[in-house]
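Here's a structure for you.
Chain naming follows the written order as A, B, C and D, and within any one chain the residues start at number 1.
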C-alpha cells in the first residue's frame, strides 16, 4: 500500500529522505496553460527554509527548486510537473547513534516495526524535509487558485499557551515577526515563552489557523469526500499535527443550536450570504460561499536536549539527550505547509466540482 | 467525482436518501471466511435506531438489515456484501415546505448550489439515515477486527458543557444510561442540561471519544496515508463533526516536549511499551502498539423549533421554526457511527499493512 | 483488494451472485439533472435477458430493475443510484454436484485457490448474471452520452468462423436476427454453424465490434489512462473476453507505416478530419474526433454437454458432462454488455476530460 | 484527471518529456528489504536504449539511471523510490517545424485539442522516452518477482508479416539477433523485410509475446480487476499498442468449447494442473497456476521519410516528409517495455492478493 500520493484529480507524489540525495515531488493533473516558473515555487519554499531565526534549526539548506518537466515556454502543459531539491548540509554522523535506540515522540520505533529496519539518518522519510515536496506542489495549487481569485492564507494562532487576541488581530503583522503571528503583542510574549523553553532544553507546540477565501459554493461531496473531510486528511497527514477543527470546531460541541446556526441573509448584490460563519464555510460537507476557516494543532517538537528515558534495540532502558540541530518549535515553519496543503486539497476539489451538473457539462462540451 | 466510496483495500459504497425506497451499502474487499449473519450487523444498527429515548427523534424505523450477497453458508465469500434497509416511516409531507427555503445549519443551500436542485425530503442524502450504511459496513469491519483480537469502543465524552470526569470513568456505565456516558453523575447532569435545551426549543452538541485496542504496531503509512490522517477523514466525513483530535490533540499544542513525549519502556514480556500515551497510539503516522485514542466534536443539531432567520428561494428574508421529528442531540446515536467508522478505517489499514516487508511476503507466498 | 468498482469520476460498484437473493449495482458520480426512469435501464437489460432464442439459456428471469435511490422527480440528483434485480428462477440443485469438482474453462478452481472455498451455485460471482449490474450502470452512461450527442453501438462481428462481410454490412439488420449480426447472410450461416455445435453438444465463440460516434477530440490521458487502455480494461473485465483490439488492431502489426497512418484533411466545415480511420479514433491515447472502433474476442462457452476430463476435490481424475441451462454461445447476449461497458468507460473519461485546460476552467467558474 | 500513475498497491508515477531536462519515475509501495542497486535497473534500461542496431534511432543517449531515494544500505526501505535519467542528445531544432502541422499517426493533433497547445519537441510526453520510467519501475517489480521465483520473459513474435515458427522456437536465440526473435530463420527473414521497408522510406509493426511463469493461483479479482483486465490496461497503455490478447486470444473466437477448454489433471506431485493452456493461465480473471501467456500488437512507426498528406495549423492541406532520427520498427526495443510493464502489473496484483482469506490474515498477524 503506497501512501505517498495525495489527491484525486490533482495529485502530488512526494519522495525523498532527510539525508538522501534530495527530496522532490511529481504533480499530476495540473491544467494546461498556467503560467509557472521556478520563482513561483521558490518563494513558498523560502518560507519553510531552515535558519531563518533563532527558533529554527541551524541546518543550512538553500532548498533551491528545479522544475524538470511539465512546463514549456513558461506555461504548464497538462503533463506531470517533476520538481526536485537536492540535499546539501547533511550531518549524517550526528545521527549514527540514533540507529541503536528509539527517540521518544519520533517514528524510529514504528518504522522498525513496520519495515523491519529504517533509514535512521535524521528521521529519514519522517523528517520535516518531507514537507518540501508538499510545499512545492501546494505552491502550484495556490497559483492555480489565484488565477480563479481564490486566496489561501495561514498564520500562527497560538504558541504554547500564548494565543493571538481577536481584538489585536492584524494579518499584515504576520510578516513582521519571526513567529508568523498576526498580533505583535502575542508574538512578543510567545518569543519570551520560547526563550524560556529553549533555556530549559525543552520545546513547544502551537496552533496554525488558515482561511480560504473566494471558493465557489458547492465544492466537496456530500458523503465521504466532504470538503472538510478531505481537508482533515490533508492537514492531519502533516507530521506533528494532533488535531483539526473547522469553524467553531471543538467549541461547537458546547454551543446551543440557536447559537451555532448561521442565519442566511440576502447580500446587497442579490446573492445568498450568512450573517455569521460559525460553520467555517462548510454546510453538509460542501462549501457555502463563505470563507473556509480551520485550525491545526501541532505537538511540541519531540527532539529535546533535556534528558529523557527510552529503550535501545538490545532491550535496555537508557537515558538519552538528543543532539543535532532541531527547531524548538516547528509552528512558524509549518504555517506555509498548512497553507499549501490546504491550497492543494482545495484545488483538487475545485477541479472535481466540475462534473456535478449535466446542464453545465452540456454547456462545456458544446463549445 | 463520486465520493460515496470509502476505503482502499476494504471499501464501502453507501447509497440512499432519507425518504427514498431505502438505504444501503456495498462492502467490497472483505476477506473470505469470516462468520457473518444479519444479527452481527443488526446489533450495531439497533444502537443507532431512532426512538430509543426522549432525546431522539420519534421517527419509528425498525431498520432491519438484509444481506443480499457475499455470504454463503454463514461465511463471507470474499465477494461484495450488499446490505439493504428499507425506509418505512416517511412523513414526506412534513418536508414539503422545506423545498422553498434554506434551513440554517443544513445542507439545503449547498445542495442547490452544487446540483442545481435537491431532494428536499428530510435532508435527502445528508440525512442521519445515511449513516445506516456506514454502521452496517463498520459492523463487518468490527467483526473482522475481533477475529484478530482488536476491539473498538466509543462513548460519549461530553454533552454540551458537561464532561465525563476521568476519576468517575467507568466504561460499563455507558450501557446503563441513555446518553452512552461512562460516568453516571455526568450522565444525570447532561440529562438535565438537555431537558433545559428542549424546553428552550433548542439543541445541544457534544464529544465522542473512541479507543482502539489491540492493533499491531506499524499500521498506517508514513506520509499521506498516516493512520491518524485516514482516521481523521473517516471521522470528519460523519455529518455534524466539526473537529477531530488524537491523543492529547489540541491540548498538545500547549504542552512542552518534555511533557508530551512518551518514554519508551521495556514491558515484562520483553516487548517495547510506553510509560504514557500522550501520542494516542500513533508515532510518525503509524500505530505504536498502544491504544489509539481519539475524539470527535459534534455540533448541536441544526433543526430547532425556536424561530430562526433565513432566506427563501425567492430571495426574501423570512423567519422559520422547524417542524418534523428531530433529535435535540445526536451524540448518543452518533457513538456507534464513530465506533464503526473507526473500525472500518482500522480494518482497511490493517489489510493494507500486509505488504510492507519482503520477508513476510516471501513467507506468505511460500505456504 | 476490492475490485468490484469500475471508473474514476463516474463509478459503478456491482454485487451479487447467480443464486443469491439478487444482483445489483451502485452508480456514483452521475451528474445531476439527467432524466432517468426504470424503463431507460430496462430496455438495455431486456437485450441481455435469457430465453430469447434457442441459442440462449432457458433460465427464465424477468430481470426487472428497481431504482432505489439517486433519482427524484424523474431526474438524477447527483447522489448514488442504487439499482437491484431480484433473482427468481434459481435451480440451485442443478449445481450441487459441481461443488465436488472443477469444471474446465470455469473459475471453480481459481475461486477455491483464492478464497479457500466458493459459492458453487451457478458460478456464483463469475456467472453471466454479474453483467446485469454492468448493463444497468452502462444504460445510465449511454443516456448521459446521448444527452451530449454521443452514440455507442455494438453488434456481432463473427460467430465461430463466420464473419460479417464488409460489403453486406447493414446496421439495421442487427435487430432482425437473433444473433445480432449486421449481415443477414452471415447470420443465416452462423445459425447453421451453431445448430451443428449444439448437435455436437459443443459450444462456440465469436467477436463483438463496437463503435462510439460523436466523442470530442482530446479525451483520455497521454500515459497510463489512455482512452484505449481504459477501454481495454473495461472490455477485458467482461467474463470470457480473451482479446481486445482498436482500429486495425492486430492487423496493424502487418501493415507498413505508409498504409496505417491516417492522413489529416480539412473538412468542409473547416475542422480537421482524417481521410481514413485505421487508428480507430485514437492517437497517442486520446480521441481524435473520429469514430472509436474496437473489437472483443469471446471464447466459446465453457459449459458443454459433451464429456470432458477433469479432477475432483479428492484429487481423482474423472469424466464429466455438464448439465444445467447454458448458452451454446454467449456472444449475442454479450453485445449489450460490451456496448454498455464502452459507454460507461467513455462517459467516465468524458467527465474526466473537463479539467485539462485552465482557460476552460476559468470560464466554467466565472459563470 | 491525472493519469500518470499506474498500480494500486505498488504504484509508479512517471514524468518527463523527450526534450525536457530528463525523464523519471517514482515507485511507491515497494516492500522493504529488497536488495536493489542502480545496476539492477540499468540492465533493463540498456535493453531499450537507442542506437543498438541499424533498425533503431541514432539518437545517442547513455540513459544512465540515478536512484535518489528509497534505498538505504543496498536495500529498499519501503518508502518511495525516485529514479531519474537526464536527457542528453536533444536535437530540438529537428522539431521546430513540427510545431506548425500535425504528423499523421502521431499525437500532435490530439495534444493540441486536449490542452490547447503542446510541447512539440520530439513528441513531448508521447515520445518513446516516456517508457524509460516504466522500464525502470518494472525492473524493480521484476526483481521483486524473482525473489518469489516468478519469471517474466518477453520476445518478438512477429515483425510485419514474418512470424516466429513454433517448431523453430528457441528462447535463447532472442539474445543472438537484433530483433529479439526466438527463431533465427524468422529473424533473418524479418531483417530482410525491414531493409526493404527502410529502402522504401517506410516502417513496420509487429507482435510481442510475453510469458509469466511461477505465479501462484488465485491472483486477480473476479470482476473488474481481473488479472487479464489489469494486464490489458497496462499493456494497452504502451504507446503504439493496438491490440492485446491472452492465451488463444482472438483465435479462441473460432474454436469450439471442446477444443478451447483445458482439462484439469493431477500432477505427479499431487497438485492440480492443466493438460493444455489455451486459457493463457487465467480462469475467471484469476491466475490458475499455469503460465500466463499474452501478446501485444504494435502498429508500424508513424514517423516515415516517405511523403505524406496532412494539414497545418493554418488549415491548409500540405505534403510532409518526416525528418529526425526515428526507428523504422520499435518492436525490438518495445520487448523490454512489455516485459517490465507485465512484471509491474503482476507484482501489484501479487501484493493485492494477500488479503483474500481471513485464515491467512490471522496467521500473518499472529506472528
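Just so it is clear, contacts are C-beta pairs under 8 Å (C-beta built on N, C-alpha and C of every residue); 3 or more make two chains touch, one makes a residue touch a chain.
Being a predicted model, the structure only gives us computed values, none of them experimental.
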With chain centres set to the mean of the C-alpha atoms, which chain is at the far end from subunit B? D
So which one's got more C-beta contacts, B-D or A-D? A-D
Pair in B-D, A-B or C-D that repeats A-C, with over half of contact pairs matching by residue number: B-D
Where subunit C and subunit D are represented by their mean Cα positions, the distance between them in whole Å: 26
If you average the Cα atoms of subunit A and of subunit D to get two centres, how far apart are those centres in Å? 38
Distance between the centres, which are taken as Cα means, of subunit D and subunit B, whole angstrom: 44
Give the residues of subunit A touching no fewer than two other chains, as numbers and ranges. 1-5, 9, 14, 29, 32-33, 78-79, 114-116, 125, 216, 222, 352, 355-357, 359
Counting only contacts in the complex, subunit B reaches subunit C at residues 1-5, 7, 9-11, 13-17, 20-24, 26, 28-29, 32-33, 66, 68-70, 72, 75, 77-82, 84, 114-119, 124-125
If we count contacts the way the header does, which residues on subunit B are in touch with subunit A in the complex? 1-6, 8-9, 14, 102, 104-107, 109-111, 113-116, 125-126, 130, 158, 160-161, 197, 200, 202-207, 216-219, 221-226, 228-237, 239, 242-250, 252-266, 270, 272, 275, 279-280, 283-289, 297-304, 306, 308-311, 315-317, 352-353, 355-357, 359
Show me the residue ranges of subunit D that touch subunit B in the complex, using the header's touch definition. 9-10, 29, 31-34, 76, 78-79, 144, 147-148, 216, 222, 350-352, 354-362, 364-365, 367
